[in-house]
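In the two assemblies presented below, chain A is common to both, partnered first by chain B and then by chain C.
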Partner chain A sequence: MKLKDIIQPLTIWKRVAEEPWTIKDPLTERPGADNYRGFHQNDFAKCIGCGSCEEICQNAAIDLVPVEGQEVKDGNSGLRPRIDYGRCCWCALCVDICPTGALTMSNEYTWIDDDPEVFRFTPGADKTKWQDDEKGYSRSEDIALINFDRIEMEEKAPEDRDKSFIEIVKGYNKEQAMLEADRCLECGLCTATCPAHMDIPAYIAALREDNIEEAFRILYETNPLPEICGRICTHKCETACALHNNGEAIAIRWLKRYIADQIPAERYKEVLGTEHLADPKIGHKIAVIGAGPSGLSAAYYLAILGYQVKIFEALPDSGGMMRYGIPEYRLPYDQINKDIDYIKSLGVEIQFNTRIGQDIPLEDLHQEYSAVYAATGLHLGRSTRIPGSDNSEVYFATDLLRKFTLGQDIPVGKKIVVIGGGNVAMDITRTLARLQNQKYGKVDITATSLETEDIMPADREEIVESREEKAIIEPGWGPQEIEIKDGKIAGLHLIKCLSVFDENGAFNPKFDANEKKFFKADMVVESIGQGMDLSYISDELKEKIKMGPRGRIDVNEGFQTSVDWLFVGGDIIKGPDVINGVANGHIAAKAIDKYLNAQKK
Partner chain B sequence: MKEKIDRLRKMVNVLQVVEKHPDLYFITLEGNQLVMALGYLKNTLNFKHLAFMQAVDYLEDNKFMLTYMVYNYELKANLGVNVFIDREESSMFSIHRLWEHAWQYQRELYEMFGIDFPGSPRVDEPFIMESWEEMPPMRRDFDTLAYSQKTYFPRPGRETNDPKEQMKKAKYPNYPDSPKIRRDDE
Partner chain C sequence: MNKISESKYKDFVADRSKYPEMENGKPVIDLDSHKFTKIWQGPQHPGVTGNMSVEIIVNGDEIVDAKTHVGYLHRGFEKLMERRRYIQCFPIVCRICVPEPDTNEYCVSAAMEDLAGIVIPDKAAWLRTLNLEMSRVAGFLMWLGGQAGSLGMGAIGQWTVAMRDYWLDLFEEMTGGRIYHMYMIPGGVRKNLPLGFKERVLQTVDRTYKLLDDIERVFLNNAIAKSRLKGLGIITPEMVSEYGIVGPTARASGIADDIRINQPYLKYAELEMKMLTSNIGDAYDRTELRFQELLQSLDLVKQILNKIPENGEIQAKLPNVLHWKIPAGQTYIKAESTRGEHGFYMVSDGSKYPRRVFARGASYTHAISVLEKLAVNITISDLAALMVSLHTCPPEIER
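On to the complex of A and B.
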């Protein structure tokens, strides 16, 4: 042993009177790193309650709970994540998967409490001192757990399509459909927004698992027109998609089309399990008026329920507006037939060229059929009633589209103006543009609407594609007068439209009469909406039917009128679009079933 | 850096070179040439420091990728040396004779991924997980959720809601289900 070893311990005593070097409270001034993964924060202005955080959590630490003040609305479940810090391992997968970027982590990491229950909390709802901290961890752009970019849909180039009525959208191939399906988070927020409440996440999941037949069966649970809706649905579901907040929504419509396209018509009965459908002889007979989407949907679900269904259709073919309104380049006739032929194969009979009210009185149907579902649609064109609109060269869009489908010659002006900004206006614009191209070799058509481009009711892609086909779209103008010279149309006078709706959201357009415009034209088409034709209901019956506001028939939740055997649905009640019609038909079919079962007792 | 890699090429087969930054390169080598390459990098090319070792589980390819991050003080640059090894009976030569502290990384990799480094001191002693009985937890086929459910009982009072069902309850509770198809054999 050395002398030093003995003396050194004693030297420590010289420090006995010094201030200690220990830091008194080491935790007060020790912030986490700037991107530290500390306690959670949730920005309720962004959170949509999709539950992706719960789904990805590897420790089942997250629950989704309702929070006061957070409403259930389109694209937002109102639920918010509650985190159990007894299980959280701070891996931040919940932050990385959050599609809106609402869920983040602060860099705060100390939290001491005697009560273990407080460590299960709902960030954003339960007030915390770190809730507004800027520092911490948030989803970075280069960690891509979510793919915000849609698989692009191939379309025919404008120059390859603007002279013919060949289908524009090519549809996904298997690889594209799989990649697109793979983007889906399966949160299910879209299902509420779909009028028919289709189980979108379930059929996308089945597609992803390469179980196309199961996906197809899921489609038919809520929609017997998948080929049609897979092409022309108004696809409001996509606006509710969780990915829509920060990127491109899942192409739900195109995936539906892909699924339906994969099953050949001859395999429908086998795949859907209707090869041995019971004979409808035991059931009641039901009459449906109108072979449009709503009538067909009701007929399908009634047939499945075992009823004998007959549809009466005024026109020579089925489909209603789907065939006689929507042009073939958007919805080819063979695809309409594929859907409808299957419904017919279930025993649904369609009697064409029979207009109820004219050929057969509505009351007579009641004699033979236990219940009647009237889904007669909106087929009457509405007029602007501006001066000159009574000229013989002024047409209604729906009339022209119907006549064109019927194979009749329709007038094609050299210089056409279309009044209207909805999808029907785009349909007639693009149809006439094609016909101008065929006839004159050039397009000279202008569509004008009251609404400015941002609030035009037409689908965005319709506007874009119209322009690609060299039609001119001039939104934001109010038609004033169609100038007539020597009995012929000279053009359309317009003034600037400043706003379409008032502060209550009611239709009440305001104009600036000083800002004028004039479109030269030799033909004008009006496409400002359609009206219903209820002339098939006799005056006697009309007195018994309770009417609602604005000349609409009053129906209950099951689309039953106050005359108990008469059910009414489709565009004349709700919509107008195909998917609402499908939903109405489904609900009405169930309500008719309930009504007839109640009668038996 | 490029010059160093070119010199390395004369010694071993360099399968891939990726430049992340001017001062961060990754190279991929063959497993059986790794120790020779690391020795040459350390002693001749002046990558004196082993910063860390790590593994990535390429479950689908049935491979682990081992990364050895070495640092050159003169260049102030990092070089990541990758080798792919078989995932079944995964094993790699120990480098604790090149860098003594590697034994600790190797012990960690043994515990987290089940990669063996024969001859590495204390390689099979628990690193942080005493009495762990499951498969190595960083293997991607380890089911974290199932383990969590099994091990940590749920706190009383926990309940959750499905967004789709919640929205149905609030917005369309009476919407009909699809009717059951009536078949003739029923």
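On to the complex of A and C.
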């Protein structure tokens, strides 16, 4: 034992003179660090109830529950996370995965209560003192548990496509599709929003598992037109996608197209298990009017149920607006045929060039067929009715598109103005731009709409691609008069449109007459919406059919009219778009089946 | 080889008449003879490091037989992980060791990265190294207090735990959590360093140096501590390989094995450090060596702070973690914790969940078999000091 070892410890008495480490009273206020993982906060303005927090929580501490005042909307489940602090481990993975950044954690860490129930709480709904604290843990921009960037879709360059009608979008390859499918959070907001309620997370999951055939079967459960919808669907699912709030939505449409593209037409029956359907087991015969998306969808699901279905089509080919409205560069005819040929192969008969009401009276169909599904679509153009719109050089977009598909010559002006801001307006603009390019070697076409660019109903990519093809898009103008000189069109006068809808959301445009514009033109195309032609319904029948508001036919939830054998669906009831038509057709098919089964009893 | 210069056990001659008879190398203990008393030290006992117990049989105050018992703390983390997505594992494993959770986080994340073929960005590797070294400092401070406390010097325990709190403040700033940091997410780390963090770490380092200076005088150069620790629980180099002893416990017996130096991971190869060893292998030697390692860790923290790049990514791109599948394979990732080699063996079968995860903590051998052997023939008052000098952490035995 050394003397040093006895003396040295005594030197610590110097601490007596130091300031004590301990303090007299306990700390009352000691805020957590700036990014402390304290109690949860939820910003209801951002939260969409996607449930990714619930999904990633490793303790099952999070449940999504309905909360008063939170509405169920497209892209918003109306549910909000409720957190059980008996289970939470404060790992903050829920915060890291939250696609909207709504869920955060405050730096508050003390919470004392004698009621254990309060510790199961819904941040945002249950008012807490830390609800609006700014400090605390939030998702770092430096890390990512999910990928917000879409795998870019390759397209033909503008100079390679602006003269031809060849398909623009190239489609994903396997690697790209897998990477895109990997981004899915499987929240299901898309399924809730899709009119046909396609099980999108399931087919994306099957694709991710490299099980294309299963993915393809899931597509057909709710949509018999996957090649078509995989190209031109209005993809409400992508608007609802959880990733859309903070980044780019999953390319659901392109993935659907990828899946459908992988299965060759000759394998459809084998993959879908419909090889033995050709011989109908149920005696009933059903007539469908119109071979558009809704009619084809109804025919497909009726055929699957074993009915004998016959479609009557006024035009010489099938597809309706899909063929006669949508240009080939967006939807090639061979892809339309691939979907429709499969439906035909199930025993569905299509009689072309037969206009019901004209060639066969609607009532006569009832003699031969047990039920009739009419999905006749919106094929009549609507006019702006402005002065000069009665000139012979003013056309309807739908008429021109139909004639062009039929192979007829359509007029192509040197300087064209298109009135309308929807997808049809873009279709005719880009079709005419191509024809101008072919005919004159240059494009001079302007599309103008009431809506400003941010609320234009056309898809964003349509606007971008139109401009790439040198068409001019001038949104936010209201057409006033088509100037006619010597019987010829001189141009279109417009005034500034300030707003399109009023406070109630009703169509009620307001203009500023002082701000004017004039587009020179020798041809004007109107594309401001389409109307329905119900002339095939005889006056006698019309009296029996209950009509709804604005000249629409009143139908029940199964698309059955008050005349029990007549079912009506498609664009004339709901839409207008392909996916609504597909959804209507499916529902109507099930309703027809139910109606006929009930009759048997 | 093993110089026992100042051992109270040096001249100790046991009174064999009162000892149990030996039969086939095992003592015959008849409790009914009233010569022996059976005592349970633990699982609730201040001298036990965590929830385990030592069943000892004493003759007077001398331990004649010892048996270690675990099983009070089994939480089944390894099994839990078999039903967790990969991303959900790292918040679980930190709970395996409370005083020093980060080694677990590092190993499990690095194992996933190894299996999935992910290379973490440079800055993330530096931040992980900093985090691990800070956690070694905090871990050693906890142990140091325990070692002094086991000899009745409770004040030192209060000093070190208070100092550890300053380190926890730093962790709170850096990671958002004081105890369970959950910082090393697969692919990198979760947050960049907050502003002014480096200066605050350096302040705390200086503060710690000052405290350690005091502790050196009051504890390491203390006649009582020396007389009680010297010669206690001698581990020979043969025992190191026989029992699989690792870390400072092995290095105090002259085995030059430090994973950070011998098989450097993260950024340790870029740091200057030398292998610290000693050759006596008793409790005092281990205490002194760990004290030196604590000083070394403080130096490493300073080195790391000077080398962390200002800019750069902190996380490698991961696939969508909700359905992250790792290709089939197996790996073993190890790191040097304060207790020695800490490793994770992970098997992936190509699905969303790990097929098997095995956590290898140094305490398994140190606290079960080594303790059982060394506890015999010491006095009951020294048992706590022996246990702490092996630096055992029962939660990592059971997981």
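In the analysis below, the second predicted complex is superposed on the first by the 563 of 601 C-alpha atoms of A that agree within 3 Å, B and C clash if a C-alpha of one lies under 4 Å from a C-alpha of the other, contacts with A are read in each partner's own complex, and residues count from 1 in each chain.
Everything below uses one rule, namely that contacts are C-beta pairs under 8 Å (C-beta built on N, C-alpha and C of every residue); 3 or more make two chains touch, one makes a residue touch a chain.
For clarity, every value in this text was computed on a predicted model and none was experimentally measured.
Just to be sure I read the superposition right, which of the two partners does A:Gln58 touch: chain B = first, chain C = second, or both, or neither?
both
In the overlay, answer first, second, both or neither for which of chain B and chain C A:Phe216 touches.
Neither partner.
In the superposed arrangement, which partner chain does A:Arg120 touch: chain B (first), chain C (second), both, or neither?
Only chain B is touched by A:Arg120; chain C is not.
Using the superposition on chain A described above, determine whether A:Gly32 touches chain B (first), chain C (second), both, or neither.
In the superposition, A:Gly32 touches chain C alone.
Once the shared chain is lined up, is A:Met1 touching chain B (first), chain C (second), both, or neither of them?
second
Just checking: does A:Trp565 make contact with chain B only, chain C only, both, or neither of them? Give me first, second, both or neither.
A:Trp565 contacts neither chain B nor chain C.
Using the superposition on chain A described above, determine whether A:Lys590 touches chain B (first), chain C (second), both, or neither.
first
Please indicate which partner A:Tyr258 is in contact with in the superposed arrangement: first for chain B, second for chain C, both, or neither.
Touch status of A:Tyr258: no partner.
So, does A:Cys50 touch the first partner chain B, the second partner chain C, both, or neither?
first
Considering only the contact definition stated at the top, list the common interface residues of chain A for chain B and chain C.
58
Spell out the part of chain B that touches chain A in their complex, as residue ranges.
Residues 144-145, 148-149, 152, 154-155, 157-164, 166-168, 170-172, 174-186.
Give every residue of chain C touching chain A within the complex, in rising order.
Listed in rising order, the residues of chain C that touch chain A are 6, 84-85, 87-88, 91-92, 159, 162, 169, 172-173, 176-177, 180, 182, 185, 187-188, 190-192, 194, 214, 217-219, 221-223, 226-227, 313-315, 317-323.
Under the touch definition given earlier, write down the residues of chain A that touch chain B in their complex.
49-51, 54, 57-60, 62-66, 72, 77-79, 84, 86-87, 120, 187-189, 191-192, 197, 201, 220-222, 272-274, 276-279, 301, 304-306, 557, 583, 586-587, 589-590, 593
What does chain A use to touch chain C in their complex?
Touching chain C from chain A are residues 1-2, 4-6, 8-9, 11-12, 15, 21, 32-37, 52, 55-56, 58, 89-93, 96-97, 105, 137, 140, 142-147, 182-186, 205, 208.
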